[in-house]
């Protein structure tokens, strides 16, 4: 409503001024790569549509976006559908061969496909989304983390050439995080970690985690206690302090690792807000939590 | 004030939606050339600054802008300063050798320079404006129109390669409309006509005339009688009917010629409105008068 | 055994002569595209490994291979696993929304993945296989065939650029035949037809169908009645005569369409024979059935 | 007359031998950049025509010429015409805002234009001269020298990309030496200094000053006391000794700075001699004064 | 002596004017190909040295020269040295297998080598001459002319790619005219004819025959009866009239064929005059005989 | 016979397996350069034909072959034919001016030509062989070895650009080892040494000497005493020990020098065995002697 009101009142000139305000950001990010990690919990048709628009708009002004997705809830649903109970150990999915097959089918054959379809639908006559799995062209090489977890892998090497070529050709890669070890055996990879590894390998300018929360909260139970920015050192202290919600730890660690390995900016923003990505990149309205290596805000 | 109010009320989301609305226009014009003709009467420091921002914003999203400028009032002022009385015949400047020298100095050495400086100032660390005269690299080849008018030329050939190369290199050419005949003699060329000839030669997508009027008026004395759009045939009828203000005739003829020679869109818009160019290209708010060959609006 | 014997007896010189014999074929196909359709029934780990070697060997001598796969039996198995009975009408799968989702997961998320993994495993340190779905970058645009069949589409347009770029980059694309209509809705596409449409769009030199049969048989019940070659016209007569096994009709029609639309050679060969592809392309031993437009064998 | 006589007597063979003699010089300079500074006092229609021919001939054999011009006398004339008295302080023009505007109009809008026209006239159907001002594309970035002098700037940075691109495209840039400071404010720049800064930034092979004198004279009052060559160190000693004419000091300092900053050769030659540039570059007849860093003549 | 005198008297300015005169010719031929046929009788160390200089000078100004040579007298000498009597039939060498071997050794292994060495010696640190035989890369494909003549071939196809690539790389190809038939058998080819076929295939601007005569003479016995220019039709009439010396017929026919097949200019000039090639191309002094298709001199 | 038998027994599958075995070798050598030295004694029509096939097959799979040839026996024959007695000093040919001319004619004008013709004949419609002499484009720059030997040179510099360009264009260069000194004087160069110098300059992967022996023999008189591999240090010890046949010393020294200067592999193999080159490169059957720097076999 409030929005409607504001839009109705916009004169041509004030509309132009908003575009003018976006100019320095567009100049700043043109030609740069941004890795966008979309958590399984943040995936739903409506916000996916808004994200598709954002990614296409950013592409049209020269930002090279890579979308990396997770899919925990969707995997759980499919496992149950085929009569298997999801099993976790210290928050990590125990992944036997059958589970791996379901994980791969759901990530690559369902969630990735739906995201590609949503972006291509928005793109009209120029369908530019291309699904990629970490197994393609050796994108994600992994080692097994722990035999007790089964086919769960840690990224040891990223071959980003395929992504770079697709971006050079104007495509928008959408990545499922299944990797392979040296023998070619597929492994499930944590999507937060994989997104970070890809951002580092590509020399990305930003990594943005779209979550189902407003960002990092000083008090996990209080949505108004958002921490707008902190350094990676501060973030690591909070992780060690146990003052952050357990579910956030892999994401937060990935953020700290990303900025400590050369990605200038990491963000955790609320994927439920329509156009959150666009707002973060192209407007003065910073949203969510920003992590940098140094405190030069 | 009203604008201020609207801006104050803008939520991040409604800001994002304005950017999203601009998406189809950005995609439509990316990689296309737009020739912007700026009349001498529409030149003043403040609207030049807004125009500079517009041109740079458009450039940052891939629009290839060429600015062509006039300078009648400024030439008159300089002629008077050196003690010469401007002289006209049927609305055209009688241009003897001394006048030509002053015209050239004012257009190339003053107005063009000021526009280049204004754009480069806005562009900060990436000064991309480059002044060009019609004499450079054979850009405007002319024949004398009428010996009684002296050094007044009609464009017979355009060599647009220099402009295309500058655009390929990310530059913004600013063009003064001095041409040369086969012997190398410089001539003054009507800037409306020259802008049209350049737009046709470049295969531009649009030519936009920034004037000191809201557009084409049904009744030249009534600013509210704006004709929002018409075909080149309708426009030619109005020119023949004498129903348009005399001063507008060269510009209107140039518009009709442009669209009849392959430029899809010609516009006459109000250069006094800040960001008029941006509004015309990137928002739903059509302003001024649009001319096309066919009535497929 | 017989092979072992032969190999044991091979002198260096006779080995060299086999390589020399392959020379004219290598020269003939270098730089040309070959589309290889692998039917679901012909997929099994061992023959996939041999196919992977063939594709990589061909790639190393400059042949640009695209692998297109089906997966009927595998889809049936998954449907049954989630408690759904496969349903067919005139030999075509009735595909409701739920079925489509399973088809897509099995083709894109399982069979395609397994083929990519098998090729990359063979390729060692240069993993070149890349999975592609018909939805990626608008590869397969379709229209619905018949509302009674649900989400079953006919290919109306192929955008082969993505495949051509991947081939230019030395990749081996593995294609699942899910297409999308104008609204972005995914559809199941017959893989034989899709392979043909891709071969035509790419200007392929050959299309090769790897099946679980020796080729086209004069008497479908007699494996020794192989027809080694025939023209597309002869093939169409046989299809109309009902003298071919019903299950072969889509494949045979695709072969006739391919050669009538500019693909010089179509082959139906026995995917159960190890290295059948290599034998067909690089040796004098023609195997299976070859279809050409003219009878210039 | 003497020349006429010589030409009449030339046999085809002796003509050929002159061309043959030019060979090593042409090979030496092909692909190299040469910056030619033309002083205001050396500008007149006839010697400009000869210079235009020289520049075009050199271009046709692959020498990349940039012409930089001054214009002191012409500026003085225009100032007087608009009723302003030229004012100098220690040999430098005191440049208030109004003076700057006149300087810019005369340099960019008159002298530069005339040189461009003269070259393009000589070039016939391939008009390759392009006027450039130091404000274009950030070519000359300056700082104010001394508030007491007004808008007089010292070059702090040269962005030579525009010149290099124009040369790559076969153009001949003609440069007026108006620079801009960080705020975009234009400044008058000494043309001798600007030419040197450009030559250094471009990695030029030579800088040639065309003056209204035979070169550096041991005795400024005796035209026969030409010093044919000296090192930059010797030149700096003479400057400190006050043994050179005061008017020559900026030019001589620029020569010494050029060779000490990597330009292999600096020359001061007599612009009043027709084809002086060609003679200097392509014949054995060294003319004027040559400055190098080391005495390896 | 006379030349010495002229040279002594040359002022710098008149030297410059000769260079200036060469300008339009240099512009005309830059980037164009010129085929120079050097007859065996015109080969001697001194004029070869002058030719080498000419070819290198022309190359340094962008002319793409191909040198084609003959070698009749040298072949005769070698044949006699190994005890074989040269044998001719209607002016054509009867070429048995042994003769062919000697022809090939003398042309490719001696004359070609000497020319390459002479050019590379002149070229100093940039040795750009490369020997080529008509057998290399299929340059000259031939059919046998007449079994009675043995291995004498007529050119049926020219593959000029090798020459074009060498020229693109800045090389100067020196061509011996041994061709090969479809079976790879080498054949002796008339060098006048081969030069013409190469010029046509390359789209050369000129073909120049360097002979031991002043050009085409109206009276073969009178060296002063030079015909400075004629059309190919006029030339063909003279050939049919028997009014030309018999030895000239292959060369004259080649000239007529060249201009009738798209080579704008053919010339027969005196290879004994030092720098004859340079004089013909770069000065006003036309020498020898020029043949064009139309009489538009 | 035995071969015939083996071939007759080959099933399609075993044929395919031989091709599959070649895969890792093809991948290993694709894009790499291999220099093949063919000794004069190993030249005869039949083994040349097999070598031509090998070189073309290797080229078709991306190996960049350069053939370097000798020609001692053929030079001796020609010298005798013109009545000159071959003369040697410490195993090196005493080369006066007349001998040099014969050497050059035989190498460049006969042996090189015959090899080019043989390869082009095998290559059918794509004649890719190009003859090159060390004098072309400065390929082999030499100094005189010893005045007493006359025109015998040692390689001091290799300009491999011509070879690299020809290889880039898909050509197969065939090199005669005549070099030139700084004055352009041609010299005879030992072909073993020249091949090594070329391999080093090109950064070749392998140098292969095709000789009329099975390789390096422990006992020069016993063909069964083949040493299959040794390091360059071991090889140098054997040379110093005088335990190798004198005629082999230049070749063995060249092998040691090649691997000590960056060529990974040097081979001495039996040029009399048909397809020896192919067997060495593409099969598991190592033949002859392999030299490497380190003993990492």
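Each chain gets a letter, A, B, C, D, E and F, in the order it is written, and its residues are counted from 1.
In this section, contacts are C-beta pairs under 8 Å (C-beta built on N, C-alpha and C of every residue); 3 or more make two chains touch, one makes a residue touch a chain.
Here the structure is a predicted model, which is why all the values come from computation and not from measurement.
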item: Graph distance between subunit A and subunit F, where chains that touch are linked; value: 2
item: Label of the chain whose CA centroid is most distant from the centroid of subunit E; value: A
item: Chain whose Cα centroid lies at the greatest distance from that of subunit D; value: C
item: Same-interface partner of B-D, chosen from the options D-E, C-F or A-C, over half of the pairs matching; value: A-C
item: Interface numbering overlap (same over half, different under half) for subunit D and subunit E; value: same
item: Inter-centroid spacing, subunit F versus subunit B (mean Cα positions, whole Å); value: 70
item: Distance from the mean Cα position of subunit B to that of subunit A, given in whole angstrom; value: 44
item: Residues of subunit D engaged with two or more neighbouring chains; value: 126
item: Chain-level touch network, classified as line, ring, star, complete or other; value: ring
item: Round-the-ring chain order [start: subunit E; next: subunit F]; value: E, F, C, A, B, D
item: Residue ranges of subunit E touching subunit D (in the complex, touch as defined); value: 2-3, 5-7, 9-20, 22-23, 26-27, 30, 53-54, 56-57, 60-62, 126, 273-275, 278-279, 282-283, 285, 287
item: Subunit C to subunit A touching residues, read off their complex; value: 81-82, 101, 104-110, 112-113, 116-118, 120-121, 126-133, 135-138, 159, 161-162, 165, 169, 171, 178, 180, 183-186
